[in-house]
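Questions regarding the structure given below will be posed in turn.
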Amino acid sequence: MASTPEQNDTARLEAFSDGVFAIAITLLVLEIRLPGGNATLAQKLLATWPSYVGYVISFVTIGIMWANHHAIFRLIGRTTHGLIVGNLLLLLTVAFLPFPTTVLADHLRHGGGDQRTATVFYSATFIVIAIGFQLLWQVASYNNRLIAPGCEDAAAEVSRSYRYGIPAYTFTTIVAAFSVPTCLALVGAMALYWLIPRGRVR
Amino acid sequence: MASTPEQNDTARLEAFSDGVFAIAITLLVLEIRLPGGNATLAQKLLATWPSYVGYVISFVTIGIMWANHHAIFRLIGRTTHGLIVGNLLLLLTVAFLPFPTTVLADHLRHGGGDQRTATVFYSATFIVIAIGFQLLWQVASYNNRLIAPGCEDAAAEVSRSYRYGIPAYTFTTIVAAFSVPTCLALVGAMALYWLIPRGRVR
Amino acid sequence: MASTPEQNDTARLEAFSDGVFAIAITLLVLEIRLPGGNATLAQKLLATWPSYVGYVISFVTIGIMWANHHAIFRLIGRTTHGLIVGNLLLLLTVAFLPFPTTVLADHLRHGGGDQRTATVFYSATFIVIAIGFQLLWQVASYNNRLIAPGCEDAAAEVSRSYRYGIPAYTFTTIVAAFSVPTCLALVGAMALYWLIPRGRVR
Amino acid sequence: MASTPEQNDTARLEAFSDGVFAIAITLLVLEIRLPGGNATLAQKLLATWPSYVGYVISFVTIGIMWANHHAIFRLIGRTTHGLIVGNLLLLLTVAFLPFPTTVLADHLRHGGGDQRTATVFYSATFIVIAIGFQLLWQVASYNNRLIAPGCEDAAAEVSRSYRYGIPAYTFTTIVAAFSVPTCLALVGAMALYWLIPRGRVR
């Protein structure tokens, strides 16, 4: 019966999530601001490079998350209260990302402890997002409970690939405490790796 | 005939509402700002805790509202002018929430009367939103006028559960005048209660 | 053939427009800000009333525009380049509304010439939006060119009702130059009039 | 099989893109701000003209991009990882546009080198967006790999018309270094050209 939320209807859940992803990714630009002072505009535009770095990394990373979200919802056959809750908690972590991105951009220019703190904070946010994804995926895939018929194999593959997210970002966060550029290079490389074309995957 | 707004077509109304919910929930992050001053970044990030609290409570609450909106529109079979109006008034109250959330976060750190005022204002906004939901639901469910055939029982259940919203938030608002932490704990607990998994509900 | 934009496909045009309406309406809250100074929070919250007035009038008015947009697109059977252009110009005027709303709220508190200027500017924006609607509707309805078969009568009715928008807002704009409260009362009344339930319209 | 992202399903990709376009276009208004100082409001509203110019040009240009995006996705029959990546990179450039628009508006009023720098930066952003479109289109149209059956001719036509974007904006960027008004007139004219009604195109 079509009258309870315990139903096979992921369309509106996906539309809502698409909205949150799209807005979070587009809000990133609002945090790019020119520095004050007496330099020429050309100098200020160059000095804004940390904001560009943060914009690109965060944009690509949210884009990848959206693609992942899209991919796993293709495998999900029905909606439950638990799925709505898991999805909401994931969105809570994704929509938070513009804040650490600004914090990072604001402190990347200056060296010292605050730069490290900002990078740890930025990288740690990705751990929390990875936990959010893991949680959502557990809700959906445990015993293939919400997996659409015929998608069990693809679901198992997703489960395998999701093993690496939390450890990977935990590693980059530890690295951040020692070397800011190495941490950002790793996070950027993980995004780039995803971007490169790949052979036909099953 | 498909040419007047008095028609069975809730799809675009839901899409528009999804957009407003998604944007309101994502705008919350824009209101998180670091305090000024000479502290280290780590100290500032910790001192920002009231913004995190406000972000999480408001995010989860808007998410719950979205889920409720979603659930009741599953029961609604057709759109009327009155439904569009009721829905618009509800969205007016939901989209307002980022403002009291900022006010709360900005005043939570400091004690005294302003902290209480901010919490009363925040909690009172939920009363207004609950009134908005009640209004929308009355428009839709009065005499089952707009309820889809076969969904009457589910609609009656929604009517029962909606009885508690206005009194509950009226209570937390009164509590806020006496104890800010108790009010926030209650509002947070109401959100958490919704989040926990529940047995199979009909 | 499905390969040119000259096609019967208004779905994505409506989705894009829904997005712009939903964002413009939700951005309004970002412009509500507490005044500075030494007053208590309660006093500041009261002193913010012009922002609340602007928020409510603009929110309801954008909501009405959305509903109108929704209503006329129900009558439109196919998309042309001209329709996309007309729709874009309309959205350009709608998405501009948060700016005059802020200007109005910022100057309503203080009397004098600036208050009048702000109100004229605010009301004049509605003239421009009404022109945008008229333009879009002319593109769609001229010779019933894009009107879906069977919707000609409903289209004629829309054409009749659209006659009043531009003169009405021209009138309120002239009124604004003489009396700010009268102008706002009229604009608010026009929004309220739309909100009240109405008998069965054909 | 419906379980991998290598699938014929562009609907959610388009919905996400629509969201980003709609948000980027609507955020433009947030960057319009009155100058400070002691002038009357009427004088300030007039002095804000560079923001209006930037708003209109950027709004129309993003609108045209959306229409182009819409048009090419009508020809695309299936989604691949490469298409998602190409689309994401395009959105990255489009969502960036509010920043150069603000930079332009902030520096247009004052003459001198910064005005020129701002215009070069603004115009150069369009080169990057044109590259993004070219990239996306190459991914989709190379060997008609992702083109829907029967749309090959329309795709060839798009390929032809896309030849001019990068050179055209490279030209306006070079012009900007010599004459700011000429550059803006050209960019505006390119947008206007698109807006004018055209005869029946195949």
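Side notes on the structure shown:
For clarity, chains are labelled A, B, C and D in written order, and residue numbers in each chain start from 1.
Following the convention adopted for this analysis, contacts are C-beta pairs under 8 Å (C-beta built on N, C-alpha and C of every residue); 3 or more make two chains touch, one makes a residue touch a chain.
Model, not experiment: these values are computed from the prediction.
Taken over every residue number at the interface, the positions common to chain A and chain D amount to under half, indicating a different-residue contact.
Simply put, chain C must spin 90° to overlay its Cα atoms on chain D, rounded in steps of 5. With each centre defined as the average position of its C-alpha atoms, the distance from chain A to chain D rounds to 25 Å.
Chain B and chain D, compared by their mean Cα positions, are separated by 36 Å. The set of chain B residues touching two or more other chains comprises 15, 19, 22-23, 27, 30. Those residues of chain C whose C-beta lies close enough to touch chain B in the complex are 14-15, 18-19, 21-23, 25-30, 32, 34, 40-42, 45, 55-56, 59-60, 63, 66-67, 70-71, 74-75, 148, 150-151, 153-155, 194-195, 197-198, 200-202. Within the complex formed with chain A, the chain D residues making contact are 1-7, 9, 12-13, 15-16, 19-20, 22-24, 27, 30, 81-82, 84-85, 88-89, 91-92, 95-99, 103, 107, 113-114, 117-118, 121.
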